[in-house]
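Just dropping this structure here.
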């Protein structure tokens, strides 16, 4: 538990140094070596033309959850080389929660997946799934 | 040319109604039925922890270029159901340019691809490629 | 249970009518509305140049597991419009097992994911993950 | 031209050592450092349940074209770590042609894209697009 607390604090420090995450309002609500959870309250600036969460922000949440999960799992700085996003339901909500986890951490590539949920009146709903392939930043 | 001017104006109006695009600073520099080009000047708030363009913003540029290309080509409002992004070089630049085009516009799905370039001292460099699958919004 | 038996029999009949699956030796070992499991014994003809299971066959197993999971879940004939494959470990084994499940069955698109395992001396190991987007065949 | 002839011969030798490619009937019709072209005549065993080219074989053609393009471009043995396939039209034909090219050959990852065409009565039609990320096999 102590080490998980350290993992969380380390990731929160990195998260604050990521200007986009700070602007968007992404916070880390949980983190250990098996899963990282992010939260993002809805606001107008995050929307596309019809008021859904912008697909780019959907991708940012999924990719960031994956990246932090990879960092938590490997203890290394990582860079995404590929990610994909599937929008399975309209991304409408007061709040969004992303959960990322590591599928396989190899020496050269780290494979991760993530899910994005909307929260409306306390109801949680899956709105997107994604995956990211990362590489250690300083190999 | 007249119709292309109309396409450009229509897309620019939609772009202004997309709050995220307005905040980020995404503008449409060219648009016709075969290709759409977007521009995004670099600023601090668009970066991840090491100062590259955030992967989510890379995705936003590619997905937005694809979405506008699909809208320009089909004349319909569209929604992304899937997209993927490959980061082929560090996304560092004073300016970023995305070009999206339609590969195949079917009745139920529109397949598109896009490329993202960085601009540094007038030098243009490919930094990411991506693809988006879209559906007509109001089928 | 009775209905799951029917699901299994229906899918096995479809599987036999798929010439590639019959040639490759793909069989359905389990099927219900939440998951479908396929088996494929290794043989020489399934390999690429260094003796691993060919990436195309890895994709065939994942995509087929996804397709049957979608068919089992929705009761409809389906066609894949997109799939992706991540190879997380060398695909070497005496036998391969794929498990596909439905993430979200919408009216126009069905989102599915799958995992591929190798079996060696009774040891099971994750070698690939994938996802498929399907559409009802006769909408 | 001499070096391109050598590239073609080298790839054809590798292709013959890939048991799946030999069984399926995949041949290399062109190869140089910028593009590789494959051909595959239709036969029954390559089909899925409704007689289209099986999605796994579509993926095999795209991934193989990408892999050979990466090998031709870099002169190294390569392994696919990720690929994706979008089926843009029904894959029905007497013959299929895949063309793969390298988008960016980095030290650790090689990014490639490919297109698959059907041929019917001399008419060529785009039926699928895809991309593969490869790694040098023996880094």
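Each chain carries a letter (A, B, C and D) given by its place in the written order, and its residues are counted from 1.
Basically, a residue touches a chain if its C-beta (ideal position, glycine included) is under 8 Å from a C-beta of that chain, and two chains touch if they have at least 3 such contacts.
It should be emphasised that the depicted structure is a prediction, and the values quoted were computed from it without experimental measurement.
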Given that chain A and chain B are copies and touch, would you call their interface same or different according to whether over half of its residue numbers are shared?
same
Can you check which chain pair, C-D or B-D, has more C-beta pairs in contact?
C-D
Determine, using the mean of C-alpha atoms as each chain's centre, which chain is farthest from chain D.
A
Cα-centroid distance, chain A relative to chain D, in whole angstrom:
34
Where the CA atoms of chain C average out and where those of chain D average out, how many Å apart are those spots?
22
Centre distance in Å when chain B and chain D are each reduced to the mean of their C-alpha atoms
28
Which positions in chain C touch two or more other chains at once?
81-82, 84, 86, 133
In the complex of these two chains, what residues of chain A are touching chain C?
84, 86, 88-89, 103-104, 106, 111, 113, 126, 129, 131, 133
Quick check on the complex: what are the chain C residues that touch chain D?
14-15, 17-23, 44-50, 54-57, 59-61, 63-64, 67, 77, 79-87, 137
Of all residues in chain A, those that touch chain D in their complex:
81-82, 84, 108-109, 133, 135, 139
